[in-house]
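By letter and in written order, the chains are A, B, C and D; residue numbering begins at 1 in each of them.
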């Protein structure tokens, strides 16, 4: 059970309240629904001296699965995990408890397009993202991306060819483990992860791709969308699974286009949508607002 | 403590779950925040045999006030109010418990514009609004509104002049009380309620009006917006208070306009925004998703 | 060359300008691009005493095709068509000239869902749509749709079964011709038009259908979208062709949904999007703002 | 009459068409409406060997003023200005003709907030903005803004105090003239320009500021919006005039907020809206899509 991270924002939010010796935590859980879950969890937290600041529940009436997220303040020397464990066991919960005072460790994977990378770094510096970028990895050299200031974040060039792919992914995974990476973001990384790597990163690897109504398969999708004459283009952020572009969706958005937009303009507008949608998905994930629900997600938006 | 209404939608939503002898309820509450509120409420509900389907909390860290909404199923012959009363007393709660199987009784006030009335009736017939329209009141005769089908809903013509205003409002209030009206909707009612009536209807009377960036005072606001050359027009739904157009905001939305839109076109687009925003505000109110928070609202959107 | 229709709105718009003996017209044209088209058309109009109020051009640089729409005032006893014909011939134009003082004759096709029908009739009565509904046709009896006021518009029940489909379509086409119908709107008509009828109505028959990112084929699309966990649902209005749901797109829009929306709620939100998107497509078509461009459309939005 | 700039995008757009010895131009004009303007302009262009690629007209029926923008290709050794001058004189036009192959020279004014600056530079590098940033000026030292890569763009520190304001503005104006600056962008410049400087820069200086429904005056507007409980926050880009924040509006947009957004979160969301709205306004201005119309603008959006 990882116990880490907070954002400036969250910390700042409750400064008047947040006493000495207190720390902020986020609890997420899911289990088969039955009466008494909220009561059991909240009572246990109260007994442990915790104060609930924000809580969300959702009951999936189709599957009978119950989902909950709780943001609470508690003594920083208390073992809130040990306190909650008996309740979690009793209800057979999938659960995670994480300190909210340490930003989540994130690895950013890129290729040649840098609009998502640039935007994520800007938002991180602005204090919008409760993350710590511990590594930037590209299958191209540093010079392939534009004049974006990477600051002190280590840049790793891990080139890949069909014959070296297994080895490259092994090196990537070693880096993920060595750095204690909690989230991998494919910020327009133009390589498909192998099924094996996708499986190892299940639920902690986010991808962004374009989306259209109707959808288009194959190369040059913005050109296809232009040829079809669609009036909206969009992007989807999702968790990576072995099934390419089909993992659980976290966030989507669209923008209006017109007949006078050329394919190049679509690509430019697409950049805007992609960076916006990916930034939201990352923000919600690092604040632990996204809970997996089979092939779907529960997103407790703020 | 009123104990009434459900929507087809909500009922339909959990039909698989909803056993014989069970009824659905919505609990809303607010109180000064302190540890243990969620635990106390949810434990008490569990002890009373209730099953929580959906719950939301919000802790206003500026004021230290805590807000909660709980949707639960419980035995239909149990007195859930009596069960909860001791907890409510202990925390000094403002609270309401209402059955969710009976639609909320709504009175619709109109003048000559019927776009909001038409839209609310259409959504009600479609099963989108958990309400029962018990009366339509206008300061104009039935013929002043268009060919909208009022069905069996009684239409009351309560004309008003400056000298008869006090009397008209007394008759309106008598109707509200006689019919057990729970919510009054000013669906483009072009009369200002007196401070006295606004005070009596505090928290249960919703108004819709146009909104602009920047705002405009006085007559013909769409013409003013046109003259100013704004690129967005909008609408705001809010609770009515003595302070005209300044009550707690429930919902807002905007639409894009251009230099080629005439004032008439702005009025037409404004109709669309007004009906959409008012419908959302009414839907959320009748599902008890809107909790007052001083001059603001907490809206637990679905 | 049909020479008909105006809207209250358009007429009202220029009342100060619109002199006695004048009429308003809309010219639309497309042709292979070459220098001098705008000059030739506008000079010819000026020579014919016309005054251009609004004009749009678009040059499709991929295909070299040029598109133009002109709104102009001209003497009501002048033959503007004869005046323009030599220019049209010189440039090999596809062109249409239509009086803008007579609303376009529209036939509305429905089945059991009445949200689009209700909305179109409401907007027509509000003066937003420059159309005259000359017939409402359903494959179900009048009682299948809700309590919507059809006014004086004739309702035709044309039931259809696989064996009677050819005959039903022949009757429908006869009605279209007898009434001088200029536009057929499939306002949630749940029958697929035959290729033959689709071909006969090419460019003058608009359909509305749901759209998703990604798309879903087959039955119960809102349930599929729910199962997939999409975060946006949408609708597309398009011209009908033999290729089902694949005709030239006129307009699209989406709305945000969440994990807590049930399939029933998606259907309800879908109704809102469908009626909004269809109303826009119809409004633009009847104002002759939509020009066909192969499998796409050029839409000169106002 | 300045004759300069094009964007990669525009150039790329018509590369198949754009022959040797040809150059692209943008003509913008306004004049009192009367019959024959479009004919006269387009005939004159055709006589001068120009080919119109895109054209927009708008006739303000309230004021009788006519607006037009034309994008055309013409021989690069022809004097299109001299060709058009007689027509312009005949109709008493305000007009501008500018080569579209040279990007517009832009000066960016900043203070401490760098989100708009960062975004504009990113979009410029991506080829989305047909501009050339010739100078960045701040009233604070370079260190006041974050780690944004300014490349080769000269940075000028022009500090200002009440007593040095006149002098600082004189230096700024000297720089504007020395560099041939065509557009000044206040990218969150936290100083009010004097009336004199605003007048000198009329129509070529764009500002961005937050906007709300309803509006708020005074300091800390996001905190005021939070206190009022609004559900939307927005931003407005406008030309600077002597009347602070009241110049002709170019573009506006909004984003949805909720009761759980703190003032800090509003500020963060506001940054997103501000940079998006300012980028659009600058893009449209440098493509000469924005024509002044008294206290309003005509925006021929692409």
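Everything that follows uses one rule, which is that a residue touches a chain if its C-beta (ideal position, glycine included) is under 8 Å from a C-beta of that chain, and two chains touch if they have at least 3 such contacts.
Predicted model only: the values in this text are computed from it and were never measured.
**Q** Counting one step per pair of touching chains, how far is subunit C from subunit A at the shortest?
**A** 1
**Q** Please tell me whether B-D or A-D has the greater number of C-beta pairs in contact.
**A** Pair with the higher count of C-beta contacts: B-D.
**Q** Distance between subunit A and subunit D based on Cα centroids, please, to the nearest Å.
**A** Roughly 36 Å separates the two chain centres.
**Q** Calculate how many whole Å lie between the centre of subunit B and the centre of subunit D, each centre taken as the average of the chain's C-alpha atoms.
**A** The answer is 43 Å.
**Q** Give me the residues of subunit D that touch two or more other chains.
**A** Within subunit D, the residues that touch at least two other chains are 13, 54, 58, 61, 258, 260, 262.
**Q** Treating touching as the only link between chains, describe the layout with one word: line, ring, star, complete or other.
**A** complete
**Q** Which stretch or stretches of subunit A touch subunit C in the complex?
**A** Residue list for subunit A touching subunit C: 58, 60-61, 211-215, 227-232, 234, 236, 248-254, 258-260, 262, 293, 295-299, 301.
**Q** Going by the contact rule set out above, which residues of subunit D touch subunit C in the complex?
**A** My answer: residues 13-14, 16-17, 33-39, 42-46, 49-59, 61.
**Q** In their complex, what parts of subunit D are in touch with subunit A?
**A** Per the stated touch rule, the residues are 9, 12-13, 54, 115, 118, 122, 125-128, 146-149, 151, 258, 260-262, 264-265, 268, 271-272, 276, 302.
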